[in-house]
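Order of writing sets the labels: A, B, C and D. Residues in every chain begin at 1.
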Amino acid sequence: MSDSMEQLVREFERFPGIGPRQAKRFVYYLLATSAQARATLSTLVERVGEEVKQCALCQRFQSGGREMCSICADKSRDKTSLLLVEKDQDIIAIEKTHLYKGHYFVLGGVLTLSGKGVIREDFLVRLIKQKVKEGLSEIIMALSATSEGEHTSDYVRTLLAPYRTHVRISVLGRGLATGTELEYTDEQTLSGAILNRKEF
Amino acid sequence: MSDSMEQLVREFERFPGIGPRQAKRFVYYLLATSAQARATLSTLVERVGEEVKQCALCQRFQSGGREMCSICADKSRDKTSLLLVEKDQDIIAIEKTHLYKGHYFVLGGVLTLSGKGVIREDFLVRLIKQKVKEGLSEIIMALSATSEGEHTSDYVRTLLAPYRTHVRISVLGRGLATGTELEYTDEQTLSGAILNRKEF
Amino acid sequence: MSDSMEQLVREFERFPGIGPRQAKRFVYYLLATSAQARATLSTLVERVGEEVKQCALCQRFQSGGREMCSICADKSRDKTSLLLVEKDQDIIAIEKTHLYKGHYFVLGGVLTLSGKGVIREDFLVRLIKQKVKEGLSEIIMALSATSEGEHTSDYVRTLLAPYRTHVRISVLGRGLATGTELEYTDEQTLSGAILNRKEF
Amino acid sequence: MSDSMEQLVREFERFPGIGPRQAKRFVYYLLATSAQARATLSTLVERVGEEVKQCALCQRFQSGGREMCSICADKSRDKTSLLLVEKDQDIIAIEKTHLYKGHYFVLGGVLTLSGKGVIREDFLVRLIKQKVKEGLSEIIMALSATSEGEHTSDYVRTLLAPYRTHVRISVLGRGLATGTELEYTDEQTLSGAILNRKEF
């Protein structure tokens, strides 16, 4: 393989979930496609970084050159609650439920048990200070139900301790996920399901 | 294959989760093992049916020739709640949580959407009539979070409608199961997780 | 669980490919089925050991009380070749090709690299001595293309060394299996495929 | 999502094996990385198409601005045989066996049973005409052992019919692939393995 082929393979290997074999396949796909298609991709990769900026409040990526994203700018949303997620895509998942009407903050990652990972804690603390003044009453931690998600939730809780007098801090409830059979369900999930049982 | 080999293959094919290939393998395993081992298995298969009886109340399988199983006979258990499960093994899963102290009833299966399946509804209705007199106040439906589980729960709810004046009927809560990442979570599960969020 | 339930679970755990959870499920299946069905299974498990005997020549399991199995007794089969397989089911797979018309011998297992496993080597040597007198000219080793299969083939080759002057010893050819894509094919398989290429 | 984000998602969805969810993840990865990294990727995507050209003979992708790739230019390679593969990566797999010393031709795809797909048949025919004059004696079709691979081989055979008087056409041999157990092997593979059996 040529130098630029090998360099391109290495760039694709950095993509999430992509190993050496698929990275190579991407390069052959690009070689087999038209010069036009490569130019389009090249331009978009460059342009997306210029057009898309992080929202000054929730830190999610958004285009249009505005300071705030559409949710943060929406005055009809409930200012008293803030829901913390790991990544931009999680907001889409929550919005689909049509159950949550408050604001969001994107942590931008999780903290691993081995001490790796970075979250946007300075932005978070600054935002919460401001939102407390504007009447914030609940922070919902909506992280993954994984050991890393729980570890990050624990860390954020410590970070938010000074605000507990004003703000209720909650986490998403545990319970049966769609498709779950009882026999294969772990104790923590089943405990949540029993405690969260509801009128039927 | 001989007649008795073929017949035995057919019997093993009826075992849950066993296809023709594994059924054949079971037969070859039995042929290759000792006459002693085959005699032991043969005796146990016969004996288990004689020694193990269903509990007169919850209908789970139990040995010892007693009328009631150890849970139904345990006077320290809470008589005001009854938890319905699909199968015996589900009781073990619930007991491991150490959260539920009431009684159980084993439905013995689920009803499929296509109208198949049988549950022990006569036993259930009889037991609930009796338990209502003894102060039953809650029936928890702890079926799988699958379409068949939900269909069966719906059916049982209709069956129990006459008792609703005395008894609260509930279902296990939905929410994040251990290991769940938000991005991959369906709306129903996520809705449950938001509604069931708790102080952290 | 009762004693006989627990004992039966342990017996089913010995079945090939069956873990504790499925073994328990088998027991609950038997409890839920009829006494009649349990009696049938119990009888068949006992009877199969009496009715089915190993063929005096190839050692496969067969019923009918005859000394030899139908293949070994079939005078139209080619007496000059003998194909060695690991287990009875492999014979069925080979017969389906309609390509091989000789005789078989079932080794009854493989030898593992860690020195475990038993094969019927006394029966094999005795059979080959007899077959050499009757004109045997080829022994085909049709073992799995796994490290254990190859290790066993190597051992059997040593065992058969004294007969090489009279008998050709061969192994199944390597090559592309149905469904194989070149890119994912290991070197040994691909080497076999190149060497075994054929007129098209 | 912004226009350029959505367009970029669509471009990544065209990558082999990439669905909408992973395409989105790629875009978020690019947004979260540095402007520098995006510029590098953008440049490489553009440059790879300029630097890498197809070999005038075998049609594989190669850099360096030369007319022929290193294999086609190598005078020590055997000019009497030509091996046809689906894609560039297959050449690497074959070269690793160190068994084949002839030349290659990359078809650039397969023909599907439903009539889709394109192969470089004009280049192939032109190359074969030239190679026949230079002494070509064997064409080896090294396509995948899948229905599409076989369908393409059949088509190419028809295409090459006029050259059969001068050139032997062969296909890769079928047989046991590494890791195969006999019991699970289909008849075609097993037939190949028996026919291709070799001295041991």
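Just so we're on the same page, a contact is a pair of C-beta atoms (placed from the backbone, for glycine too) under 8 Å apart; a residue touches a chain by one contact, two chains touch by 3 or more.
Note that the structure is a prediction, hence the values are computed from the model and not measured.
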| item | value |
| --- | --- |
| Farthest chain (mean CA position) relative to chain C | A |
| Approximate Å spacing (C-alpha centroids) for the pair chain A, chain B | 38 |
| Chain B and chain C, separation of their C-alpha mean positions in angstrom | 39 |
| Distance between chain centroids, defined by C-alpha means - chain B, chain D (Å) | 53 |
| Multi-partner residues of chain C (each touching 2 or more other chains) | 87, 89 |
| Pairwise touch network: line, ring, star, complete, or other | ring |
| Residues of chain B touching chain C in the complex | 1-5, 7-8, 11, 14-17, 22, 24-33, 35, 37-49, 51-52, 61-64, 87-89, 108 |
| Touching residues on chain B, where the partner in the complex is chain A | 85-87, 89-90, 93-94, 96-97, 99-100, 140-146, 149, 153, 157, 168-183, 185-200 |
